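A, B, C, D and E are the chain letters, set down in written order, and residue numbers restart from 1 in every chain.
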Amino acid sequence: MLKISASNLNALFDRIAEKQTLYIPVDREPNVSEYKKYESGMTMSKALNTVRSAKDFFFPQTENLAEFKMSGKTIEVKDIRKENEDFVVFGVRACDARSFGILDKVFLSEPVDSFYKNRRDHGTIVTMACTRPAETCFCTTFGIDPTVPGGDVSVFFDGENYFFLDNTPKGEAFVASVSDLLENGDASKLAEVQENARNIMKKLPLAGLSTDSFGGERLMEHFNSDKWAELSESCFGCGTCTFVCPTCQCYDIRDFDTGNGIKRFRCWDSCMYSDFTKMAHGNSRNSQLERFRQRFMHKLVYFPANNDGEFGCVGCGRCLSKCPISMNIVKVMKALEDK
Amino acid sequence: MQVNENFEPVIVAFCCNWCSYAGADLSGTNRLNYPANVKIIRVPCSCRVNPMFILRAFQRGADGVIICGCHPGDCHYTSGNYFTRRRITLLYSMLDFLGIERNRTRLEWVSAAEGAKFAAVMNQFVEDVKKLGPNRRLEDLRCRKQ
Amino acid sequence: MQRIGVFVCHCGTNIAATVDVKAVAEALSHEPGVVVSQDYQYMCSESGQELVKNAIKEHGLTGVVICSCSPRMHENTFRKAAASAGLNPYLVEIANIREQCSWIHKDIASATDKAIILGKAAVAKVHLNAPLTAGESPVVKRALVIGGGIAGIQTALDIAEAGFDVDIVEKEPTIGGKMAQIDKTFPTLDCAACILTPKMVEASQNEHITIHSFSEVSDVKGFVGNFTVTIKKKARYVDETKCTGCGLCTEKCPMKKVPNEFNMGLDNRTAVYIPFAQAVPKVATIDPNYCMMLKNGKCGVCSKVCSVGAIDYKQTDKFIEQKYGAIVVATGFNPIKLDKYDEFAYSCCPDVVTSLELERLMNAAGPNGGTLLRPSDKTHPHTIVFVQCVGSRCDDEKGKPYCSKICCMYTAKHAMLIREKYPDTEVYVFYIDVRTPGKNFDEFYRRAVEQYNVHYIKGMVGKVTPKADGKIDVQASDLLANEQLHINADMVVLAAAIEPDKTARPLATMLTTQMDTNDFFTEAHPKLRPVESATAGIFLSGACQGPKDIPETVAQASAAAAKAIGLLCKNSITCNPCVAHSDELMCNGCSACEKVCPYGAITYQDKEFRMPDRSTAIRRVASVNPAVCQGCGACTVACPSGAMDLNGFSNSQIMAEVDAICK
Amino acid sequence: MNKNEKDWIDITSGVNVRKCMRCGKCSATCPSYDEMEYHPHQFVYMVEKGDIEPLLNSKSLYKCLTCFACVERCPRGVEPAKVIEAVRLTAVRKQGNNHLLPDQIPDMLDDDLPQQAIVTAFRKYTK
Amino acid sequence: MQEAMIKRAKELLADGTVNRVMGWKKGEFAYDTTPAVFETAEEIDREFVYNDFTQANQSKYLIKESRKEGKILALLKPCDTYSFNQLVKEHRIIRENVYVIGIPGGPKIDIEKIKAKGITGITNVKNEDFTLKIETIYGVETMPFYEAISVKCESCKSKKHVVYDELIGEDGDVLDSNRFDMVEKLENMTAQERYDFWRGELSRCIRCNACRNVCPACTCENCVFDNPKSGIDQKAAADSFEENMFHIIRAFHVAGRCTDCGECSRVCPQNIPLHLLNRKFIKDINCLYGEYQAGADTTSKAPLTDYRTDDCEPSVVHERGAE
């Protein structure tokens, strides 16, 4: 397997950054990491995962869709679409890597979201296998093996060297473009590292969590559950869970009058918000209970119902650590599951 | 600081109907010059000026915002400008705290008789804002003129 | 879709000389919604207005922008023109391109650019203008006068004269106030009682006047034309309707050692009393602090002697509620307390008196039957020293910063009266300045000096020391002679500063009227609206607004009456439609707006609402009384929810202007 | 008229002499009035005019007992005693030396003299 | 402490004083407690928790809860009592429908501070003599208690309960807090430095609205930022201006009403020190208009709905500190 030693990693980054924009996770504060555009000398974070997910690169929080301008009494529409430049996201974890599959189902099915597709076409996802999962991790619940992270290229770390495994043609091209920096290496230690990580996963507090009680066929039962009242009681209706979630894909389209023309943009929206999908008649989900239920029903029931049983959650655990009042999908699943 | 001679700042002035707007009228009646950069918005009382309006002006490309009201104690509505004074003091303090240049904001008391003061205040304010250059710290890039 | 007309005025050359008016009209014609854009020589002229009116009709305009002189000049002109053409007058906006553009700029290009921007701002605003209708609110044809002194009496008589019902609320058992205590009046030296008491009687007999004596205002609600006032009628333990004022009870009452407030405590009265012979209403009152029957249930003499059975020991405070269209405040004044002025020995020497006490000492109905005697030993004083400005014009917290205005004149009066009646008495007046503006006032003062030989000395008294022989040493400076004087006096009279009555401050809170730091009521405008408070429907009469002598008080009382009559004559009041309004669905009832409203126009109500989730909820929400709101907008900024907005200057309108200017 | 001197007195006394409304209550109340050539109100008035030279040369300076009766009673808060004090200080400084030196004190010391008097004397007669 | 609270809560439920109890519910881990309403003694026995991690300010829930049938028991920490009082003052909470027990407050622990040490896989946290013993799947770690104290508790303003019907434990005093230190430090920076600082912080904002939705002073029926009619509604921190606008206006709307409970910073997923904006206003109000603590009572006039005729002019802002 091709490898690079940990000490040479930055040389690799420099090389990538010569040709494309490279994003790597860096520490903002100790063990709090975020993706940053790579600049020479940056150190990759050792934190397990970034605060915000990697979906931002393909489905940014806001993006302009079109522009109009009133000149006199006529309206001129400006098409601002343009081909994206190539970029690389390095260090994506297995959970986030899986989330692209979920987002693709939404944005790449007909009608194709050309803005999303443009970014997907030009972005290379380099993943990083997990060795030290946290107590909030539950990706295995959704059948994800964090030691085999996927993406265009999977990267494994055995403590000394980073090993590269391409999974797609795009990944193959990527590895080829940096192959002169890589060398063939002994990957024998990797299996041990992976086995070790898998064993830890089994010991995690949420290891026993199962999706058995969920899926499209359980719609009415869960929808009508009397547990929602209690579960949603303390929800403040903020969008934290939604915005840190790698799979949440809802957005709103708005017009912004700049004074010199209109910019039509879309921005993330959250089904937890009181004005989500507000229409002329008002709001379709008027209570926080309904809104709260919507978010979890979507991930656990509606999404699998429409997508061959695939759940809309990847178990990254971000919402577990970020919810202001510590209410989250795990608590919902545990409350609703068959006892 | 270098002054860009070609820079013509956009200045929004909120003037209360009873004193400052009349003061501005008086400076016109007396043909006292002040730069055309200043555009006045008439409000019933300085206490009608919502911090939102001030921020909105900066968002949309204003380089300076000035509020003018009756002198304390002379408010047509007896107490409006006292509230203005507290609100605007705190708002300006917050803008300062966020690192926005101090001279982009001002509050002045101009009575209906102080046409000369109105012109002098505006001349000074425009000059101060010119020295600062265009508002970059509190603008909305989307609104920048192409 | 809006159909907006823009009309650019040349104002002769006033605008056209510096602003290219044709270019302005051309530029504005391209603004969204503008269907007609014209310029004209004089837009405010008859034919200019015709142009606007015709355009409104011809193009079916929904909004009009006039680019012309200041709105303070002709806004009303154009609003009226629009109204006559069938357009709501509040759909007219003015862009001020004269005072704020053509007159201040010399460069045609930049002035034209600015005029276009101002025009665009007005167009942007007029897009959001809403038709407004001035509301009307009915007027209750009854007035309340608070205070039954000469100010209140005069106001009440004048209002009654005009045919309106008027109630006087007086906190003392009788009306009459301070003037009833005064002996003679300057500068004519006629007897105060002789001119006041007929007015008191007239008030009591006027069919339109109701006197609530021994009563206080305890609550005021409502607004101009429609106040609801709760009046507390304090228990006087005597049935007013039965008492004939015969005075037998006062003669028989065994409790005779009650300090007589009417005579400034210089003599005593009984526990059941009638303040003075000409009291109106002439009804006895029992003082519960001294009445033995009320204190410990032993006595009951008055009840036994009263032939009409008017005594009622079980009487309690009664509250009556009444509606009024106008309220006149006439709460008057009091001399300040002098206990902080140790140097004048007022607290320790009975022969150091205030001027008001001297009035009683000299009054025929006073404690000495009109003979001036020293309070200490009832001997005739041969040397009397008057001290001016005691507590007036004082910078410190002991006194008042203002001039009490009346002291110079009444001191001259006192000096003159004493010299007239007791020519053997030497009278010294220590003054800082003698202030005598007023008809026949200076002549009066000069008479005191020239004809009556009163010794006026420029300088202040520094120290008053009672001596063992009963005399009083007055140490003072004569500034003109530059010497220090010691006068061996028999009496010292202090011209104490006057201050507003203590009841005025809580009353002002109830009325939501403004007061200055000295607790004088603030007039709506110091020159042009001197008898109105800033709160509509509340008028000011007499010394509650500032120190005044009797002629001035009466003049102001009649002026306040005239203003009140002007209001009461109307069947309804037209309200300014540019007032605040609350969006009840947004309001969260936090009370911030109420706290900043200078007019008390905002009240809260619990209302039932249908909530978005189809449930119903009782919510506390603000509502603005459009008759009271003056449209300042303070509440709109205090409201964090954005529930409060102002007609004519709405958030969206102002922001549209901002946007247009910054574009 | 010595403007500097007047400014100096204004500063050292901390008194705004223009607040005086010429009522003369300070002089009326002054226990040392008869001892003085210039009286408290004159100090205030003359300092306001800038007519300071006569005051500096007058014994009146040292007649003020600093009893503060004038300060207490002045209705305008002018504080004449402080003005007199400031003039006195001007005089002391002008002459370049103190009127009282510490060395002289033991000779002058009277056993009955209260401590306060010594302190007061120092305040009055030294820089 | 937890036992005493449970005992008293059950008593009050049993004697009918209240029909509900507002408390905290145990989570999946040692630290993820959730505010919850309990209706039965069984629920309380099973799930009620009060420990070093029960940080959430519960006063905001009481707006809704106090409008329901019957009386609710609120267990309020000293800081929560200020928020509660302020909400009573603003007529948001119906005081009669809440039975308040004052309970001792923090210092509470911020789990993020433990995680910042690189400690992960946390299964339990024990406080043993001010040393935290953190059990993880990777072994046991220790750290000093004080290093894990949450930001809001680090600069606690008061240990005094300003409102309560009864107390469990002792009442404390208003503290001489260091809470303005950071504000002062920023004030002493140059304008450019301050600008850079706040750009660095606010540019991270993702407009999740957690700060606003958790804030006990933000109780509008409909926030201006959600109301298209307000003209300033925004859904996203689309650029630097909107980040500024949102946080300035929010701080302004709560100025004089913010009780400095610190929830805004606690819940921010991006760790923006939002409380500094509120503290800046509190500090200014204290300096310019006299000491004022929102929530300390229910009668005083709030500084922004009050004035003095001799208030300072806004120019003081321009005349003090560094430019």
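One rule holds in what follows: contacts are C-beta pairs under 8 Å (C-beta built on N, C-alpha and C of every residue); 3 or more make two chains touch, one makes a residue touch a chain.
Here the structure is a predicted model, which is why all the values come from computation and not from measurement.
Chains that count as touching both subunit B and subunit E, per the definition above, are A, C.
Note on connectivity: the fewest steps through touching chains from subunit B to subunit C is 1.
For the remaining chains after leaving out subunit A, touch-based grouping gives one piece. Between A-C and C-E, more C-beta contact pairs are found at C-E. Comparing the centres of all chains, each the average of its CA atoms, the largest separation from subunit A belongs to D.
Separation between the centroids of subunit C and subunit D, computed from CA atoms only, is 47 Å.
Chain centres here are Cα means. That of subunit A falls 84 Å from that of subunit D.
Here the spacing of subunit B and subunit D, counted between their Cα centres, is 51 Å.
Residue positions of subunit B with contacts to 2 or more other chains are 51-52, 56, 60-61, 79, 83, 87, 140, 142-143. Taken residue by residue, subunit E touches two or more other chains at 222, 224, 230-232, 238, 304-306, 309, whereas all remaining positions touch fewer. For subunit D, the set of residues that touch two or more other chains is empty.
This structure has the following touching chain pairs: A-B, A-C, A-E, B-C, B-E, C-D, C-E.
Across the interface of their complex, subunit B is touched by residues 183, 186-187, 191-199, 224, 230-232, 238-242, 244-245, 248-249, 251-252, 255, 277, 280-281, 284-285, 288-289, 303-309, 311-318, 323 of subunit E.
Against subunit B, the residues of subunit C that register as touching in their complex are 70-72, 96, 98-101, 103-107, 110-111, 113-114, 117-118, 121, 514, 522, 534, 578, 596, 598, 630-634, 636-638, 646, 649, 651, 654-655, 657-659, 661-663.
In the complex of the two chains, the subunit A residues touching subunit C come out as 70, 72-73, 257, 259-260, 274, 282-283, 286-287. Looking at the complex, you find that subunit C touches subunit A at residues 30, 32, 611-614, 659, 662-663.
Within the complex, the subunit C residues that touch subunit E are 517, 585-592, 595-596, 604, 617, 619-620, 638, 640-643, 651-652, 655.
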